[in-house]
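Read from first to last, the chains carry the letters A, B, C and D; within each, the first residue is number 1.
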Amino acid sequence: MIQTRQDEHNPAELDKPPYSSKSYSGDSRHLRLGADDSDRGAKNSVIYSCGRYLQKVATGLNSLFSGMGVTIRYFVNPGRIITQQYPENRESLRMMERFRGHVVMIHDENDHHRCTGCGICEKACPNGTISVLTTKDRAGRKVLGRYIYRFSQCTLCNLCIESCPFGAITMGRDFELAVYDRQLLTFILNKTQGGI
Amino acid sequence: MNQLPTDTNYPVHNIVGDLVRHHFPGVAGYVNGFLTLASLLLLVALLPVFLIWLERKVAAHFQARLGPMRVGYHGLLQSTADGLKLLFKEVLMPKGADRFVFFLAPILPASAAFLVMTILPFDHHLQVADPAGGVIYVLGISGLSTLGILMAGWASNNKYSLLGAMRSGAQMISFEISLALIMLLIVMVTGTSSLRGIVLSQQGTILDWWIFKLPVLGLVAFMMYMISSTAELNRAPFDISEAESELTGGFATEYSGISFSMFFFAEFVNMFVSAGLAATFFLGGFLAPQIGIGLIDMVLNFIPGFVWFFCKTVLVIFLYMWFRWTFPRLRIDQLMDLEWKMLLPANLVLLMVTGVFLAVGWIL
Amino acid sequence: MELLLIDNVPEGFTSGLSSDETSEEYFLNMGPQHPSTHGVLRLVLKLNGESVLEVVPHLGYVHRGIEKLAESQTYLQNIHLTDRLDYLSSHINNLGYCLAMEQALDIGVPERGEYIRVMISELQRIQSHLLWWGVSGMDLGAVSTFLYGFKEREMITDIFEELCGARLTMNFFRPGGSFADVPDSFIPRVKKVIERMHVALDEYNTLLTDNVIFRERTKGIGILSKEKALSYGCTGAVLRASGVSYDVRRNDPYSIYDRFDFDIPIGTVGGCFDRYRMKMEEMAQSVRILEQAVKDFPAGPYRSKEQSAYRLPQGNYYSQVETARGLLGTYIIAEGGPKPYRVKFRSPAFSNLSGLHEMAVGHKIADLVTILATLDFVVPEIDR
Amino acid sequence: MGVSGASGVTEQVAEILDKYPGGIRLVDSIEYLVAWARANSLWPLIYGTACCAMEMMSTGSSRHDWARFGVEVARATPRQADLIVLAGTIVEKMGPNLVTLYEQMPAPKYVIAMGSCAISGGPFYYDSYSVIRGGDRLIPVDVYVPGCPPRPEALLYGIMELQKKIRKEGRRNPWKVGKLLDTPFVDTHSMAKQEWTAQEKEKESGLQLARERFKTENPDYKPAKPQRLAKEKFAAVTRVEVRNNGLDNASILTAVQKVFPSVTLFRQTDITPDNVAGLGPEYILDLEIGQGQYTELVRFLKEDKDLGIDLLLQVTAVDWQDHFDVLVHLLSTRHGHKLFLRCPVAKERAEIHTISDIFRGADWHEREVFDLFGIRFIDHPDMRRIFLQDDFPGYPLRKDFEDPERVVKRPY
């Protein structure tokens, strides 16, 4: 009971009138790309069909050769090779300015950061990547104690950086961050701890 | 016009063989036999390493990239690393597989390639044996590799493997007919079925090679040979038995480690053999491409024959690679159509026309 | 013919193998890890030799419950989840979600913002189609197409990376515009892409579209008639190949698509070749839209007034956009508060794939691969 | 041969050779060679579930070309693969398949976890009922490449790190199956917070004195006010209303009401066509109908020539705590208008008649509703779960779905 598809050369299918687009409200510009099955209405004469056969072979071969022409043009033209040799080009490889590598905290030359520990980024994060743990300084004011960033579950969605009112965090442009142990993907971003 | 060459230096001899014969007349036969086999084995072992590297590099450059770069100069040692790794990899056998057949199967394609290589004329005096029915021998032996694939597919106890093997069986049996008919054509025009004899029948300038000697027909026959041998090799666009995107790994789906590498190696040795046969039949084998100008011909002749043979073979191999990295794959029924409805009739017509050419004497 | 109902008929099949001894029927499992299922779709086939008698797709191998997740995240956070539906049209997914939010909150988008949206969407479409072209070529055995397609795609991902820092999961659009303006190099880069695409499309057509083997492989395969395509709810190139002219960009224009001059290709037969040509033509049309957009790209603000927190008023909001695969509907049920009550994504590939059985039966395994390639689905979008 | 695989062979060879002078050196050099070969010939398995697979493909593309490392021989069959790059989310249903794939690979085999999903579940860390939080809960992972998704260069760096690791392998440090992460899934966010609070409390008690002293010493102490970042201000823009194409709502409603007088509008008390026309063009008609006439209405909508509705967008449901609504979204490709339809279903007896005989596309949509809401469709040809495994307890999209084993609620 092998079923074979009969509809593949069914002329009725091909001759169907094009879909009417009169009733639809928009502008009816569209391109009709019909299937160009040119086998329709083949005549029964032997010479005709032989001719068609040879023509088919010729056009087929021609299409194959022109395809080979495309590939060989790549082969003989080393200028078209676009490979960047990554570990060798480390010196010159720079990520885009907005590249989202991982979250970093901006520190000035004295290792001071701008984070106030407000926790807005923590709330903005869709999947609990950031823990802003605050402490109190000598004056009893709330300051940042530890800024935990779990890179292992970060989706680099940029929402934390957008939400930060103080511009304390930004996206780093490093990408060579592969490690052997997933524990190493939990970072503490602040270099100095506020308070005592 | 169509005379057999008079050079009948049989058995084949060369400097090394002569030296051995001179110094150890008693055991010369054994020593020479051993040397031949050893050198052939070495060739079989090293060829795929080079060819796989070549394939990967050629593929890369077809695709606007560089290919292996980091192991050795331009990745020259890449396939060595692959081979070594496969050698030291765990060999697995699926549950329910036929152990004996499963491990026998990978050996067959490799040995088939090896056996055909013994009669390839690398140079004037560089050929292990030259049986009078060389062409028949080639056809007979090449069936072995099909057998290996069929056995692999059957023994693996995997439906993908079985499908791949069945496809391969049907494909190879069909295309062998075409291949045989094209070889028959060459045998018909040369009057010999010894491979060396076929090469020697093409002595003279480039125009005496069979690809040009038979006006137009030679070119057509060469093209048909390329098509059917690509199919015979299971290479794209006829790689339906492996068809990675359909059957994952085809007949080799369940093979790992060294037994997979045997298939992998055999594929490339087979490609070399097939290309070597193309060079022998159509491109004047080890003969230099003389162009009829005395001085240049002298220089060309100075280059040893096996260099020419390898050059021509690599050229044909490049064609195979070019096909592979350009064309999409055919479907099984289209493949059969191509053979039975196009190639086979065309072959028969070609044979007939060549017969007429021979009778009328239109061969260049 | 009498059918034998054996005990271990695979899930989803109505009947077992034929009891006829000469029959060569068997079941074959394809996937979830299979190179031509583009991810983790699993198909179970009933075959007779190489002919497909029945196909049963099994979904859910990457069902992550995004719709449930969306209920527990704020409206703004949900935008980044839409990236992970159909990651090849993530910008367009973002846009669809933002459109629904804008509808609810009555937020307008400035002129420049709209142009950015259209241009990015079209770049995304080209990028997705390029990947599809490469991969479907590879499925048919032409490996080089895979790498050629990626060549131009990399140019576009570079634009995206410069724009928002990510190559695939952008999270770029916000209600009222986008989170950043385009960099200065954006327009020159787009111009370069346009220039390159003109050459590249010619090259691709020579390499694959005109190739006789490719035509033989795709013509008359996997035909889906107009009625069936509609009945299965197919959209995008699949529906248009079957002869129905429906493109959201034209028939239900969002953003400023009604200002651009472009054609909607429609096919006649609805087979693989038609679907293939729809996509190729769509790329050319996207380039056309880009050309027009580049010409009158306006200056000015790129987004409207930001809100610190988005709270949608009670109601149902629906928006639809044309992704690279078809109609993506975003349906948000809001009951007030910062989080949606329910979010439903109407994924185009889910409906497109549901007609697979109709298309594949009677063809060979190799044709099934062709059909899967031209259906162009992304499994995570189907599974959500 | 077991899992230790070929390293067993090297060990045997080493035992024999060790006895001879210089043997150790020979063994060492063989070891070096084997490690070198393994490191430089990593054939990856074609495996990818989600977004990261695209970046993996990009790594293979001409631009980045992982063939330079000899990695381009991607195998579709695990028997010939050495490396499996976990690209994309792993869900529970895929878990057993992934383990099988790993087991089918011959030793030595390596695993790279690519992207947040494969490392820890990433965006689906909290609240997801089906995602496995980390590939290393299923198969041992050698290298973690973070990112979402990581850039191709990042993956190449990961491969280089793996190569470094393999190069160190030998007799003293043979390849062996690594350890799985077997700790239960914990809410690290809350845990960190709790730990920190406890620590703070302890510290606080010791600081009382210091604080008081500081206060007396610096009575005028005023902390510097943090500098707020100047953010660009944008003007509000009026929204151009999108028109709903095709037939207007009022005429559709009139046509429907003529045949089905019992039809109502969702959350609209006044259901006269005039009132509907006043709701604006963007309002999509949201009909509500009882179960009795549900299928008839759908059939009517499809078959009525004037309405021209021909495409089923989706069938879905919503859980209103006390009852479900089954939603049917329809579209007219010919005219362009949309039409929504809803039918309430009781919670106790969650059953409704199928419409898959009217729209074939409804088949899968209804299966999805069954899978996620537990609403059974009567006369459906193939009522099975579509996404989740058959033994999944409960219906996750119901509002009362609780599964503490699988789901950890977002801590904030």
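The working rule: a contact is a pair of C-beta atoms (placed from the backbone, for glycine too) under 8 Å apart; a residue touches a chain by one contact, two chains touch by 3 or more.
This one's a predicted model, so the numbers in the text were calculated from it and none came from an experiment.
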Pair exhibiting more inter-chain C-beta contacts, C-D or B-D: C-D
Where chain C and chain D are represented by their mean Cα positions, the distance between them in whole Å: 17
Cα-centroid distance, chain B relative to chain D, in whole angstrom: 50
Chain A and chain B: spacing of chain centres that average the CA atoms, whole Å: 43
In chain A, residues with contacts to at least two other chains: 24-26, 64, 67, 70-71, 81-83, 85, 126, 155-157
Set of chain D residues in contact with two or more other chains: 61-63, 65, 68, 76, 123-124, 126, 148, 151, 245, 333, 336, 410
Interface hub residues of chain B, defined as touching at least two other chains: 62-66, 69, 244-245, 248, 325-327
Chain contact graph, described as a line, ring, star, complete graph or other shape: complete
Contact footprint of chain A on chain C as seen in their complex: 1, 18, 23, 48-49, 51, 53, 73, 76-77, 80-81, 144, 151, 154, 158, 161-166, 169, 171, 179-180, 183, 203, 206-208, 210-213, 219-221, 223, 225-226, 243-245, 250-251, 253, 261, 263-269, 271, 273-274, 277-278, 281, 361-363
List of chain C residues in touch with chain B within their complex: 26, 28, 34-36, 50, 137-144, 147-148, 151, 207-208, 211, 213-214, 216-217, 364-367, 369
Residues of chain D that touch chain B when the two form their complex: 1, 3, 5-6, 9-10, 33-34, 36-38, 40-41, 43, 61-63, 65, 67-70, 72-73, 75-77, 79-80, 82, 104, 106-108
Chain C partner contacts - residues on chain A that touch it in the complex: 1-5, 7-9, 13-14, 16, 18-19, 21, 24-35, 37, 59-61, 63-64, 66-67, 69-71, 82, 96-100, 124, 126, 155-159, 162, 171
Residue ranges of chain D touching chain C (in the complex, touch as defined): 45-51, 53-55, 57-58, 61-63, 76, 78, 88-89, 91, 93-94, 97, 101, 123-124, 126-131, 148-149, 151, 231, 233-240, 242, 245, 266, 282, 284, 286, 310-314, 316, 318-319, 327, 329, 331, 333, 336, 338, 340, 359-361, 363-365, 372, 382, 384-389, 396-397, 401, 409-410
